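Think of it as A, B, C, D and E in the order they're written, each chain with its own count starting at 1.
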Amino acid sequence: MIVKPKRRLPWLSMVFSISGSSLEDAYPKILSAGLFATLVTAMHKLFYSGVEETENWLTFEPFTVMGLAISVFLSFRAKATYDRWWEGRKLWGRMVNVSRSFTRQCAMMTSGAAALKSVGHGGVAVDGANLHGQETGAKANGMARIAARPAAHADEKPEGDGTGTGAAPTAGDAGEHVFPADDGTPPSRDAGDADAALSELGGRCGVFAREMALRQVAYVHSFRHHLRGSDPHADLHRILDAQETKAVLAQSNRPIACLQQMGLRLREAWETGHVNDYHLVHLESSLTEMTAIQGGCERIKNTPMPYSYTVLTHRLVFFYCFALPFGLVGTLGWLCPVTVLLVSYAFLGLDALGDEIEDPFGLDPEDLPLLALCRTIEINLRELTAAGRVPPPLEPVDEVLA
Amino acid sequence: MIVKPKRRLPWLSMVFSISGSSLEDAYPKILSAGLFATLVTAMHKLFYSGVEETENWLTFEPFTVMGLAISVFLSFRAKATYDRWWEGRKLWGRMVNVSRSFTRQCAMMTSGAAALKSVGHGGVAVDGANLHGQETGAKANGMARIAARPAAHADEKPEGDGTGTGAAPTAGDAGEHVFPADDGTPPSRDAGDADAALSELGGRCGVFAREMALRQVAYVHSFRHHLRGSDPHADLHRILDAQETKAVLAQSNRPIACLQQMGLRLREAWETGHVNDYHLVHLESSLTEMTAIQGGCERIKNTPMPYSYTVLTHRLVFFYCFALPFGLVGTLGWLCPVTVLLVSYAFLGLDALGDEIEDPFGLDPEDLPLLALCRTIEINLRELTAAGRVPPPLEPVDEVLA
Amino acid sequence: MIVKPKRRLPWLSMVFSISGSSLEDAYPKILSAGLFATLVTAMHKLFYSGVEETENWLTFEPFTVMGLAISVFLSFRAKATYDRWWEGRKLWGRMVNVSRSFTRQCAMMTSGAAALKSVGHGGVAVDGANLHGQETGAKANGMARIAARPAAHADEKPEGDGTGTGAAPTAGDAGEHVFPADDGTPPSRDAGDADAALSELGGRCGVFAREMALRQVAYVHSFRHHLRGSDPHADLHRILDAQETKAVLAQSNRPIACLQQMGLRLREAWETGHVNDYHLVHLESSLTEMTAIQGGCERIKNTPMPYSYTVLTHRLVFFYCFALPFGLVGTLGWLCPVTVLLVSYAFLGLDALGDEIEDPFGLDPEDLPLLALCRTIEINLRELTAAGRVPPPLEPVDEVLA
Amino acid sequence: MIVKPKRRLPWLSMVFSISGSSLEDAYPKILSAGLFATLVTAMHKLFYSGVEETENWLTFEPFTVMGLAISVFLSFRAKATYDRWWEGRKLWGRMVNVSRSFTRQCAMMTSGAAALKSVGHGGVAVDGANLHGQETGAKANGMARIAARPAAHADEKPEGDGTGTGAAPTAGDAGEHVFPADDGTPPSRDAGDADAALSELGGRCGVFAREMALRQVAYVHSFRHHLRGSDPHADLHRILDAQETKAVLAQSNRPIACLQQMGLRLREAWETGHVNDYHLVHLESSLTEMTAIQGGCERIKNTPMPYSYTVLTHRLVFFYCFALPFGLVGTLGWLCPVTVLLVSYAFLGLDALGDEIEDPFGLDPEDLPLLALCRTIEINLRELTAAGRVPPPLEPVDEVLA
Amino acid sequence: MIVKPKRRLPWLSMVFSISGSSLEDAYPKILSAGLFATLVTAMHKLFYSGVEETENWLTFEPFTVMGLAISVFLSFRAKATYDRWWEGRKLWGRMVNVSRSFTRQCAMMTSGAAALKSVGHGGVAVDGANLHGQETGAKANGMARIAARPAAHADEKPEGDGTGTGAAPTAGDAGEHVFPADDGTPPSRDAGDADAALSELGGRCGVFAREMALRQVAYVHSFRHHLRGSDPHADLHRILDAQETKAVLAQSNRPIACLQQMGLRLREAWETGHVNDYHLVHLESSLTEMTAIQGGCERIKNTPMPYSYTVLTHRLVFFYCFALPFGLVGTLGWLCPVTVLLVSYAFLGLDALGDEIEDPFGLDPEDLPLLALCRTIEINLRELTAAGRVPPPLEPVDEVLA
């Protein structure tokens, strides 16, 4: 998405600045139309200078009708593509909302060990280890894993490298690898007063909420990769442990797999009594909302406007812009190319803009800033649950926010 | 739906390529209008060449008004038909969503025997048989049937061929017949590492969730057949057993019958204590959502735009295109047919496009790819529950996705 | 609603066929405008033939502005009236949905005696009578009445004719009278294999669900009569017993009274323990949805578009069509009436169409097929619950579906 | 809202009737424009009769552009104001719906003493008094007050006039004062058979539902007064008792105070065990829906369209209509004023209509009939709960429904 | 938002008044266009007076097409920006609704000590202190803090100044500092009869509801500051105590932190048994609704319309207005600048209006009155819960409501 440093930049500069208008695709076509008009005008001057115009050249009248018809069609297409773009933004807005709400719900609706609060501001006891000890006898596959996943994890894979499993694959991207350090433990940065204040709220949510918040972050990242066709491996590994990452990557629809895992995790919490019957329904509703959001985005991505409509509009605009010189040259002479340029700019520019925002999840300059939205979610959720180092907000590069 | 291999195909080629524009219906009309215009021009040249035009031929002015009026009408019709098409897509998008959510809900909200997890990655004990044994004494018609349907099935129809009942009718379509092999048992393909990873998530959901996911797949297939007026027999038989297929096929609205069966199945699970009171409500809400989606699609299919409106638009476009030569021939001479062609292309093309997408559930090139969507749902649900062989995604044929 | 036998009827025939376009109201006006234009042209020929036109006759230019202004206004009105028509259809679509869902919910969420399944395919024990016997001691006004209403009914009105009460008033409309025979008893038609299959699904729902489904059918019929101002007596009597019919007919808003009765019936089931607390809320939500649908339809019916807007549009169209000859006659001569006819057809036709679909619940040809929708609901619900003889779908009469 | 006695009144009469078009505000402006055009034409005839027009008078061409631009703007404004008007109507439609649903919910979801049904058709025992006796010992502030409010009321205010408190202040508006007589007691009109049938349904709901229905009626009346800025005192006093009326009137937002009281009343019923936990949530949801409706109406009332937009449109229409003569007089001569009148009628009329329906809750002729809607709600709720004398529906006065 | 003292101000004065039209940004551009047109006309008069125009100057015809195209584009942009503005208003309307509903829900759905009603009208016992005493033994961190926060607070921070903590930081803004005095205690203003009536309703809600209402007020204020980029410190401090204010201010998204605190507070009430399982879900749903509203507003604020579209429109309008003189000067002469002024006013004015309302949460004259809305919420909530001094409604300054 193109971001301008100041919203109210001088009007004239907006009119004349070339860069950042993201209509680059349209310029060759506009210039072609202008050149063609120049050619037609030159031909007319050479060969028909003294000839009576009637019968040989078009008048402008049919172009009036066609021009307005095309305006109406283009306006409809602009509306429809803008609606797609805006609906995409709305869906991601809902994703932001549901991420925040789901985190709060997890913090509110777990009880017992899973909800053990870290006491106070600075040093927090390693809840996970303690809980693991308390719970081991109860159920091998249940709450213990929730409370202290890395440890329980080691139990489940004794054949593996018990200590390094979680950390090893992600050791490469230092600075991004936040999970092992913050699983159940608020950040141990040199705790200044600001940090203490920051972690005061997050410190009150339970370890289960912290874990689910991180899963949620993993989900939105994997969903972004799903929409943009990029590789989710790095982001998943940074947050989830190796086994879960592998299970998710094995499925064809990774974000749905993430949601399924979150659901099964909630089920474990429910079975072990840390979430009650009614609250499970409420928490699941948030997962359903995420599923709906994801389906909506996939719909926009996979179903463009009917192709015939796009072709029809393209063709009409094309023929109009290249036939226009014949209608104008008889009256305007050398001003014909200028007029054609202006009209082409309007029609071809709007047409190109429609093409650009029709699929709002790509990496075109005007596409939605999915990465920035994911980052926002990650910042919010980590702050709310005191779950590891909070990354900085994404900054636009060359006035474009990715 | 027409699918182009690359989204950003060269603009010029889009303008000139004939194929794939799905406006074939409109071409005869456009050419007729062009021919008629040629005829009128020829007549005019022959008989009125030296005559004063006033009084005998129309001027273009009334065509300006009419042309714009028609643009406005066509734009409204384009908007309305596009809204129908897009609403149809949204409804099917919601169907994808609710299918995924319902599967997750079933996995999350069953307890007891119905939720028994297959333990681990590779070989899984035949849960069905075991459960059947455990439950036989409890309730004849209840949970046992859920957990191990084919077996319980044999019990219920002792007069039939106890062994072959489920398998026989579907033996024909090898490669599609997935149910008997995977009822309660994850696929026993040569379990490479990739397969193990794939089934790791699905293996954790219970047998009831697996069964309901397959019913859901059967539902969406039967719904597709319902919308397209095709025969659901093969798809139902591939997934459901013979008795249920028969019961569904006997009703006039087959998808609704599928939903009713799913509801009664959930009721059985509730009565036997595997689903609790609150969760039953939540699961039923997903069935209600499916009912709503189905009703929405039936509405679009059965209620076209008011016929009078369509007729009015058709007539106006027709008379306009065939009266246009009389208004242009006096001024433009032999350029009149060219202009008429261009204008006809705009108006008749948009009119034809409206006709095509008005009913979005058919098999026209621009209609919605219901088969591909059903396939997507089947892939997702089978992967999530490790329920049998996962089919490949549907590929477009001649750039058209069915 | 006008229904065409084939969707893709030949385009030309659609253009020229007079019948079925439902614009009959507009034809007199269009012809008047044409005649007036002829008169004006004749006058012009007679008296102004040799006179210089300036100063005496209008030019076409102001008509360009006015014509487009009127197009824009008409387009807005067409949009608004179409939205009303389509919203009406959506509301009835939701009614179809909620009817199906409510029936499934009743089948799923009742327990105990009220949910006793009819066992098997062919002959079913008279559940009603049995239940009545079992329950009589428990509560006089409660579940017994639900399970076997006609019988309990006789108990409550000992002063009446105990045997004939339910049957007598409806004996007249043979072929429609379905209730007494199927109250709790699946149809006893000569049970071929097809019928057995049909009743296999419906036979599994309980008697309470069957009763509620019939009440639901009564509700939608009474709602249709409410919207169309017709007499609901016959349809209510066909389905409900005499006492309830009387109570409903006594109220000014009959459909709301039906809903109230359904609610009180659910309350009885809840009080007697056949519906639990949570499920009562879920079932009530369906009644709330029906109330919302009904209110939406009443809104569309009782609140037309602002009258001033309609008057404004009517007047502008009228003055435009009758002033147009003065603007055209100077230029076009005898072609003026033809042009006026075409323009009048566009404007007056669209205006008349707006009038017709503004109130979509009437009996105009383009109005919504409420009777067919009610029939669809009745078919679905009777099939799903095996509640009596299933009527055939409604067929269009003269291409119009009522 | 303007109501026409027959929907299909003769078309011509609609065109020519002056009254009832509610465009009275626009007439002075339209006539001014016409007079100004006459003046300009006269001046032109006097001074420029023989002068060459070029350079001195405008041509019509710029007016073509401006005229269409204004059409587009006006159309947008018409759409936006109509949407506001229609959204207001939708909100009030939802108010009707929620009132009916809430009444049914109260009837369905109370148990124990509060739900005691009045037995039968004619004479009903004074439930209130009995209940009061039964419950007195239990809780001073609880269910007793619900069941027999006036009596319990006397208990709470022993210092007041125990008998006349409720009745005295409302004795003045005889025929409207319904509360004291029908608190818990179905109407004791000379109970003919029709009345018995009418009260048969209402008699089965409990006293609590009856009370809440009356509170609901009080709420909608106070909300209407709130929107129209009128005095709610009379209507509140007619339905609520003196103490509650006083408490409500003391707050700045009276309808919200009514809702708060209904909520606290429900809480009392919940605390005393007459409403259970889950049903309290469901009942509260209806109050939330009412709050949402109220907020929506306040939004429309308090936030007109951006003022700048209205000013811009007003100015453009004004300058256009008063500049038009200069563009037409050169061509049309004495037909110029007629044309200006027609164009002004279109533009100024649409502009005035936008002004009128922008705030749909006032008392302009085209505003929504809030009083009629409140009356409808009162009729429905009183019939459904047999709560006192049912008022007749509101009739339009001079074709305007208030 | 611009507020006019009387809605129906004289039409002419609206046309001619300069002030308050908030189009100031557009005036320089409009005047520039007018001056440029004057210059062009003067040049034309000087140099081309006797020259034949053909070939040298544009005709008006292309401007007709372009003008209408621009109208269509501007109309779309006006629609889209107005939709953003109106959606922003809708979101804040929902915020008003949910604030009122949440307050009512808190009053309805707490039981035990937290819901202790203040008895009667005038003097109320200091519930907080009493409750604190009762509850101290039960749970250190639980309900006691809810019931009597300032006191419990002192317990938690013994190192701080036990008495002055809450009051000190806010002593500066006398008249705004309402919290310490009204925490749990209805206002002790000289209790006239009016005040008694006012506090009669609020006095019946519990101390927990009162506390939550104040938190809600803090939330909406901090959300307003969040949207407008202003400093929330004063408003937060005025309502919350110092520790909570600090914790909220430490987070990057302050309103979300407020919601999280409200959620954790509800959790405490739930854990201590003052809110039951089902009601917790219902209360949390209101927080989810607030999260959704906040996300919607952030979406509108952070995502303007695609920049390319804005640039395209700006450029087309600019070039049109500055090229128009060349098309008009040949025909109109000295009337050309006047016409250009009128056209520029329409196009540049609408363009500027779009810029202004595109971000509706700023402080431009036409932006939404967030401060007034927050004040409304504060008034409503304080009156409903008798929570401290009720501030007066906000008055517009210079006809602008902030």
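Note that in this section a residue touches a chain if its C-beta (ideal position, glycine included) is under 8 Å from a C-beta of that chain, and two chains touch if they have at least 3 such contacts.
Keep in mind it's a predicted model, so treat the numbers as computed, not measured.
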Count of contact steps on the shortest path from subunit B to subunit D: 2
Cα superposition angle of subunit C on its copy subunit E, in degrees to the nearest 5: 145
Centre distance in Å when subunit A and subunit B are each reduced to the mean of their C-alpha atoms: 27
Mean-CA-position distance for subunit C and subunit A (Å): 43
Of all residues in subunit A, the ones touching two or more other chains: 64, 68, 72, 75, 278, 281
Chain contact graph, described as a line, ring, star, complete graph or other shape: ring
Parts of subunit D lying in touch with subunit C, wherever the complex brings them together: 1-2, 4, 7-8, 11, 14-15, 20-23, 60, 63-64, 67-68, 71-72, 74-75, 78-79, 82, 85, 89-90, 93-94, 96-97, 100-101, 104-105, 107-109, 111, 194, 197-198, 200-201, 204-205, 276, 278-279, 281-282, 328, 331-335, 339, 342-343, 345-347, 349-350, 353, 356-357, 365-366, 368, 379-380, 383-384, 390
Interface residues, subunit B side, partner subunit C - complex: 29, 54-59, 61-62, 64-66, 68-70, 72-73, 75-76, 80, 243, 246-253, 256-257, 259-261, 263-264, 266-267, 270-271, 277-278, 280-281, 284-285, 287-288, 291-292, 294-296, 298-299, 303-312, 314-316, 318-319, 323, 355, 359
